[in-house]
């Protein structure tokens, strides 16, 4: 297996007006091709920051990182990944369809291909019929779904997703979880995924990275032995529950509400 | 002392040396006057200043003064220190102009701001249309300086013999290369630099008296300046707040001004006055023969002093 | 005293009517449009009425300030001249200069934005251009470009360049951090960055400059004519008629200038509304 | 509270940043000077050829021609060194109290510029606040504010000054008034936009607090309009300088850079015009730079991302 | 019991560039003093819109609504409620402490009182130590917590919260759930709460309003018979699970992924 992301001894410190913030401290991590890796951990533990480092949106203070066997910068320039931000970040002057079209225009796809992908992905996130709306005319969850469609439309081999399903209800979430898993299994994608939901992390992942804050570090890396084919009701099996338990323990260990 | 505010028509320069000399030499003080001289400029219409109460008396050209009167601002000429006109059209010999016959098809620079009337009167006299074309002349609105001639943007430009003409010479073009037409010579000149006041103020005998003293002292100043152009120029430089004037230029200006004021004691020459009025009437600048637009009361009194 | 009373009364009535109108909730779109037109009209009419009453009541000499009725008289009799002047100064001088000046300011902003070296080198020097006072520049432009419209357009170019440069540069930096990060994830080229994100985000600023420049262009073209011109043009007419104390004609030209300038501004505002409808300033209640 | 800590790193970064910026400015300036020389030769050459011919010199070399074009007494475009020389003599070599000193004239202009700018900015912001808060003001005032700006100031400036003089207002004030007239407009336009820029959610938050209009203004609208304010102020201070210079003309050309420009213009002293222009530009650049500096400091204190 | 919020036959239609959107249709709802009401429903069903109508941030197209026995507008002017937006909406030029201070400044509280409340509420959401940071220096979840602190600092009788805990991990979420419940029980507050989490809704609420979209309407109103005192492990009781089941059924009924 080839290593898609390889991080070693990576640290990142933000200098702020009242002192340094150690957002990441001595991170080691390997993500292999076809992996579905989830980052889970308390708010402020550095999940977003780590994802941003992988995406070459943030420069580490020290340590090494390679993406697709090269530097994150080169990987970014090769358009190696699609990124879903924690906030939707839609452009207010573009309609929903046009927002999804944005990366496709940039990659220079043909009109037809653009339209095909827009339709397909807006349908996937259940936003068909909202093509001509502007972002401020959508509810919070709808905006988030639009931004997911935008990233999926790129059809990248590597998907970086920062809490993509945070603002969605359970049923849509289940639906999208299934869709994502399906996509992943079919297309051999590699996914790095930030979530707060333990069941979601366990249901989706081949590898769960539990992080803890101040300084941001990796508490535990749990490799899941669940099969790649996962019907929704796998979530009631004892294997599933025991994995979930282990994640919860890891979370508690690194958590500050220990009183 | 009685205070008098005089609004000049142009910037501080030897054109007005009589007033500056009278002030510097104490002639006004001797007459018991406290005189303030306000420099003018291209944007200042002295008629507006006096209408707004910013001056007691103004230096003005007759065209502007009479058209103001025509428009309901009753200005009255109380004295005429400049006996002659200094306005000319200066042409480059190289443009092929030798006489006024040669103007056809040429570009002529003209000062507007009420100063264009002698020019149009002259062109009418010559029968030349001013809308351009091969049979007429192209008129451009010339700004302050002589650059259009130097750069050949115009074949002829307006000049005052005491100022711009010298500037052309100073720029290195010898008088031989120039052809000059004086408006005075072609009989279309208008009266320049006269002193004007509001008609109402003349009802007050004390004001008339004050003006008489003022005119007398000013003419004394002009006489002194005519006799001592270098000293007059120095006084001008002392009074120039912009620090842009040069001695050389002001001396030559003072000498020319001396020629224009020569023989004048401030009395209005009725022949010149009638000529001016006729031109203005013909041009339609004034709608009717002006009445009471001048008075000899002040100069009579001044002469009696 | 009576004049003063009349003035107070006029102001009171005008304001009252306007306050009433503005508070009104019109039943239809057309009515609302009509109302939006009526309010400034009433405001303007009030001013004109006060002006008229003051000039006649206080006996202000017409060479200082003519009455609106006199100005209107001039407009109705002199409109052929006014039209020729307008065509010369506005249509030929101001518009050309506006297009070139705004265009140049915009392009230089793009250039400066592209080349960091220029940003640090050219921008401070671009500031120098901003303060080239029109009274200093206009004679030079007349010297260089002649007495015709070219020199007027050149003055307008210089006047409109800087507001556009400053605003475009500010606008190009106005996009949000996350929006820019998104473009980075697409490894968008500089041009894509510009056309897809930074220019749209800069539009409110660019329109700011277009609006300010729309008035500057007109002033610039008019004032430039003071420093040398053919014998036609709004600035020519104004400076000439001031010398002849035909102040009513001066104000007639000014009225034309104000009308043309306002319409031009309104046009730019309309385009702004259509293209930057998404900006919060058009969405907030 | 965070002022001391926030300003410090800015100061610490100053020295290298300064060098970082100086080199490009110098390079661009050098390029401009070079272009300027070329322009001077091209524009002055025709006149110079005439002059040579008049002097009976028809055998001049190209070098002689270039040399002469760059040192004319009344050049169409004075060469940079002529302007620099005149600038140097009239700023450094002349006592600042002398009427021939550009420092003196610059100061005269600067004082009315600053007064006009301060008044214009305050007035502009005040108008914008009125417009944003009152539908009546928005609808009735705005069109007339725009119309006011289409009035060619140079045409009515003399009348304004005459009228003000008549009621006894003279000196700095009339000029400052014209400065203000030119500078308030960019501020009003920019601030109307800026005060309306807060996002809907931020305004809604204030609604939930049932905040008064002054509170919304002070705590939300003004802070979020700061980028617009500074951009407008940069345009306004330049406009203000132009206004001060324009205002100097009808005061009877007494003193100030405007008076220098105009008197230079009367006597065709191109070199003097250009050094006054240079002085005006430098003044403007300095003023704009000051506004930019203020912007940086204010934005840093407002916690902007570096 | 007195009715705090009373909605009857309320509809709201947005006019957009491509036709009207029926965000709310014939809504009837009573919220009594001391109630803890949750809105749950698929993304885009009108939860936020309904909350905004209650807060007088949106005008209904038809129907009646009263808040505290008066119009929403009057209630808003009386500062009757605190509102937590779906997006954090912090002011970027204010530090976290200053952001929390904002409503307190507006109400004109004394400096001391302001400081006390800032400290107390930042501690409550576990953001002590981040007072001097600017919003962009915080992680997504931290920003959301800051905005919760800002609303709680108002100490209103009526709390309107739009997915306040969406971006928080399970443990922080549990912690804040407990804190909120505690506050509610102690101070007799009325809370209206939007959430996507069925367990959260059941755990917190006395009344669960299940909504469904297009047009946005109320599918079911479930009154909870759980005791007011609710330890965290109440979530394993059969009563709890049966309530959760009923909510899930309601959700499914109104959902569009019925295929």
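As written, the chains take the letters A, B, C, D and E, and residue 1 is the first residue of each chain.
The criterion applied here is as follows: a residue touches a chain if its C-beta (ideal position, glycine included) is under 8 Å from a C-beta of that chain, and two chains touch if they have at least 3 such contacts.
Quantities reported herein were computed from a predicted structural model and do not represent experimental measurements.
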{"item": "Chains touching both subunit B and subunit C", "value": "D"}
{"item": "Relative to subunit E, chain with the most remote C-alpha centre", "value": "B"}
{"item": "Busiest interface, counted in C-beta pairs", "value": "C-D"}
{"item": "Between subunit B and subunit D, centroid-to-centroid distance (C-alpha), Å", "value": "36"}
{"item": "Inter-centroid spacing, subunit E versus subunit D (mean Cα positions, whole Å)", "value": "52"}
{"item": "Whole-Å gap separating subunit B and subunit E, where each centre is the average of the chain's CA atoms", "value": "84"}
{"item": "Gap in Å, rounded to a whole number, between the CA centres of subunit D and subunit C", "value": "18"}
{"item": "For subunit B, residues contacting two or more additional chains", "value": "42, 45, 48, 52, 143, 145, 147, 151"}
{"item": "Multi-chain contact sites of subunit D, meaning residues that touch two or more partners", "value": "2, 76, 154, 158-159, 162-163, 199-200, 249, 262, 265, 303, 305"}
{"item": "Residue list for subunit E, restricted to those that touch at least two other chains", "value": "87, 132, 134, 136"}
{"item": "Sites on subunit C touched by subunit B in the complex", "value": "61-64, 139, 142-143, 146-147, 225-231, 236, 239-240, 242-246"}
{"item": "In the complex with subunit B, residue positions of subunit D that touch it", "value": "47, 51, 54, 73-74, 76, 98-101, 105, 154, 157-159, 162-163, 165-166, 249-250, 252-255, 259-260, 262-269, 272"}
{"item": "Interface residues, subunit D side, partner subunit E - complex", "value": "1-2, 199, 201-202, 204-212, 215, 219-220, 223-224, 226, 302-305"}
{"item": "For the subunit D and subunit C complex, residues of the former touching the latter", "value": "20-21, 23-29, 32, 43, 76-77, 134-136, 139-144, 146-156, 158-159, 162-163, 185-186, 189-190, 193, 196-200, 203, 227-228, 231-232, 234-235, 238, 241-242, 245-246, 249, 257-258, 261-262, 265, 273, 276-277, 280-285, 287-289, 305"}
{"item": "Residue ranges of subunit B touching subunit C (in the complex, touch as defined)", "value": "42, 45, 47-48, 51-52, 64, 67-68, 71-73, 112-116, 130, 138-143, 145, 147-148, 151, 153, 285"}
